[in-house]
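Chains: A, B, C, D, E, F and G, in written order; residue numbering restarts at 1 for each.
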Amino acid sequence: MAKTTFETALKQLEGIVKEMESGALPLEQALKKYETGIEKVQYCMQILDSTEKKITQLTRGLDGSLGETPFDNE
Amino acid sequence: MAKTTFETALKQLEGIVKEMESGALPLEQALKKYETGIEKVQYCMQILDSTEKKITQLTRGLDGSLGETPFDNE
Amino acid sequence: MAKTTFETALKQLEGIVKEMESGALPLEQALKKYETGIEKVQYCMQILDSTEKKITQLTRGLDGSLGETPFDNE
Amino acid sequence: MAKTTFETALKQLEGIVKEMESGALPLEQALKKYETGIEKVQYCMQILDSTEKKITQLTRGLDGSLGETPFDNE
Amino acid sequence: MAKTTFETALKQLEGIVKEMESGALPLEQALKKYETGIEKVQYCMQILDSTEKKITQLTRGLDGSLGETPFDNE
Amino acid sequence: MAKTTFETALKQLEGIVKEMESGALPLEQALKKYETGIEKVQYCMQILDSTEKKITQLTRGLDGSLGETPFDNE
Amino acid sequence: MTEPKSSHIYTVSHLTREIKTILEDRFSFVWITGEISNYAAPASGHSYFSLKDANAVVNCVMFKNQKRSLKFALENGLNIFGLARLTLYEPRGNYQLIFEHVEPEGAGALQKAFEQLKKKLGDEGLFDAVHKQVLPYLPDKISVITSGTGAAVRDIIHIAQRRFPNCCLQIVPVAVQGDPALNEIVCAIEAVNQQRSSDVIILARGGGALEDLAAFNSEIVARAIFASNIPVVTGIGHETDSTIADFAADVRAPTPSAAAELVLPEKKQLVRLITDLHFSLSTAITQKLAYFHQKVDDLHSRLKSPVQVVATAKQTVETHFLRMQHALDRQIFHGTEKLSWISQTLLGAAPQLQPRTRQVADLYNHLAITMKTCIFENKHQVRQAATTLTALDPTAVLKRGYSIARTLPDKKVILDADAVAVQDRVEIILSKGRIQTRVEKKIHGKDNI
């Protein structure tokens, strides 16, 4: 199965937020939505974290060859 | 296959930077581009490094054959 | 194949230097030219050195026949 | 073959010197000329040395045959 | 072959001396001339010496016969 | 008779002396002449001394034969 | 050469001397007769005159000393006869007679007879010059015909020995006056000729009156003298006396002493002559040798060895060598200089890496910043959504004391008491924590409170 992309997950999260803001959802559903929303947040964060990690990894490899430390100030 | 020249690689790197700066890329694609950009940087750096090494080598070889003094003031 | 004469090599070297000074060469070509230039310099040096050596050799052979002192003041 | 006379050799040497001093010769040819010149110098010196020896011999021979005293004041 | 007379040898010597004094001779010829000149000097000296000896002999012989024992040697 | 040639010898000696004093003789001939001259001198001197000093008296015997006896000089 | 020819060219002096020698050798003493002319007697006391006959004339001189014995005066036109030496006077090239003795022609009876005999024998040719024999230059042995005693023989011996110490004399003693004289003299001449051991005869006698000289004026003595194969020299009487024998003799000397002198050369002189010639000979050859020695030495000293030529040539060769070397050195130096300059330029033109490195670094920076921005923005978006979501958290009411009850294990929110039975397990979600409990009692109704 194709992994959900970051953008798709973000879109779903935003959809959940909008639905919940409408306030018409029964608790049960609201709880469900909320739970799903939290999952999406976590998923997105995960993707962002791993992307960041990847960048750091790439940059670290490069740093050696470039000498300087472009990302030190982060 | 002809090796990519330094100038070509530099051009490609510039393209990647421009595309990314346009800001319209999804995260995963941006990461891909970034990855490719880093590769280009590394490639360019490699070329520059080896060129430097070669020049040093050549110059040193020349110094040897020129003897002690002729290029001391350089 | 006829050996390149000192003067020819020097001319070629001059051509290379001019081309390089124009600054329009891609890195790899510039390096190639530089390499060739260094070779030419070394070649010219070799010719000068061997010529000098030959002179010393010839002169030494001659000193015997010229006797002890005639060229001491040189 | 008739032996080259001293004067002929000297003329040739003079010619070589003039050609070399004109500075119009390529280095390799100048070296060749120099080599030939050295040969001429050696040849001339040989002739001069043997001539000197012969003169000494003749002069000594005469003194010997003339006895001890008659030409002492000469 | 008839022996060269003293006068002939002297004439030849004179000729050689004059030629050499003119100073225009090439080296090899000058040496030859000198050699011949020395020979002539030797030859002339020999003749003069032997003549002198002969005269001394004759004179002594005469003195003897003219002196104490007038007719002993006859 | 021997004595008559004294004059001849003297004349010849005089002739030789004159010829030699003229100075025109080549050396070899001069030596020859000298030799002959010395011979003449010897010869003349010999003749002058060759006679025995004596005074005799011519006598005629009874038979008419001629004889000589010492002359009593007083 | 010109030398051989020049030996045939006489100088005047040379020729004159030769003629003088010939004349004086041939005519040392002559008897001559003629007429005096051109007589002159200057203050000097000498007499100068000419003697002539029909066809010829000869210059004569008589010096003061000889004139003293004259018994008559010399004058022009006077016929005389006398003894003279023939000489050649070189300064003028003249030959002349120097008179030793002069007599006027014709005097007395004896004189007449003398003249007649003299004429007779003269006509016969006894006195002719052609018959005169030449005296030996150096006689081996001399026969002296004279008186064994007396001054003449002593004088002759004395003079001969003085002139030539080792001379050989043979004395033939004869009577020189009186009747035996004639025969003895003739015999003596013949004996000497017969013996043939002498080269010359001296016939001598001391001075005397004309009568005492009769033997010497006799025809047979004259003929004997003429017949002699050995030359005869007469030395009779004094200088003024002249006899037939004198005319017949090959040579006449005025006195016995003079005869001895005439016959014998002086040995000392001869030795000196030969010694002089020997000396001249030696000098000539020595000078010649010395001259040639000098000449050879001179030429030898001028025969310069070509050492200087060699030295100069060596210098030239060396100079050429140096010039050649300098030329090549200069060329190498220029080549090195040019090469060095070009090399420096080449090194300067080596590819520049710094700008390129900077460019790459710049691009890398851009890339990095862009990526960072992208992540930052996305994070922001996610966080915003999370904040909004959190605000909408349905469990927020629990903080105000509400709680949610759910069935277990179905976890269904219990909205209606009817939804559960007693003893059912229920979960109560509180603001903080959860409680699991069991239903003890159910209160139905529409209203909960």
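Keep in mind that, in the parts below, a contact is a pair of C-beta atoms (placed from the backbone, for glycine too) under 8 Å apart; a residue touches a chain by one contact, two chains touch by 3 or more.
None of the values given here were measured: they were computed from a predicted structure.
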Type of chain E:chain F copy interface by residue overlap (half), same or different: different
By number of C-beta contact pairs, the top two chains: F-G
Chain of greatest Cα-centre distance to chain A: F
Mean-CA-position distance for chain E and chain D (Å): 34
Whole-Å separation of chain centres (CA-atom averages), chain C against chain E: 68
Whole-Å gap separating chain C and chain G, where each centre is the average of the chain's CA atoms: 63
For chain B paired with chain F, centre-to-centre distance based on mean C-alpha positions, whole Å: 138
For chain D, residues that touch 2 or more chains besides their own: 6, 27, 31, 34, 38, 41, 45, 48, 51, 55, 58-59
Sites on chain G at which at least two other chains make contact: 278, 282, 285, 289, 292, 300, 305-306, 310, 313, 321, 325, 328, 332, 335, 343, 350-351, 356, 364, 371, 375, 378
Pairs of chains in contact (touch as defined earlier), listed by label: A-B, A-G, B-C, B-G, C-D, C-G, D-E, D-G, E-F, E-G, F-G
Complex contacts: residues of chain D adjacent to chain E: 5-7, 47-48, 51, 54-55, 58-59, 61-62, 65-66
Complex interface listing, chain D residues touching chain G: 6, 10, 13-14, 16-17, 20-21, 23, 25, 27, 30-31, 33-34, 37-38, 41, 44-45, 48, 51-52, 55, 58-59, 71, 74
Footprint of chain E on chain F - complex, ascending: 26-28, 31, 34-35, 38, 41-42, 45-46, 49
Contacting residues of chain G [partner chain F, same complex]: 1, 3-4, 6-7, 136-141, 143, 148, 157, 161, 165-173, 187-188, 191-192, 194-195, 199, 267, 270-271, 273-274, 277-278, 280-282, 284-285, 288-289, 292
In the complex, chain G residues that touch chain E: 278, 282, 285-286, 289, 292-293, 295-296, 299-300, 302-306, 309-310, 313
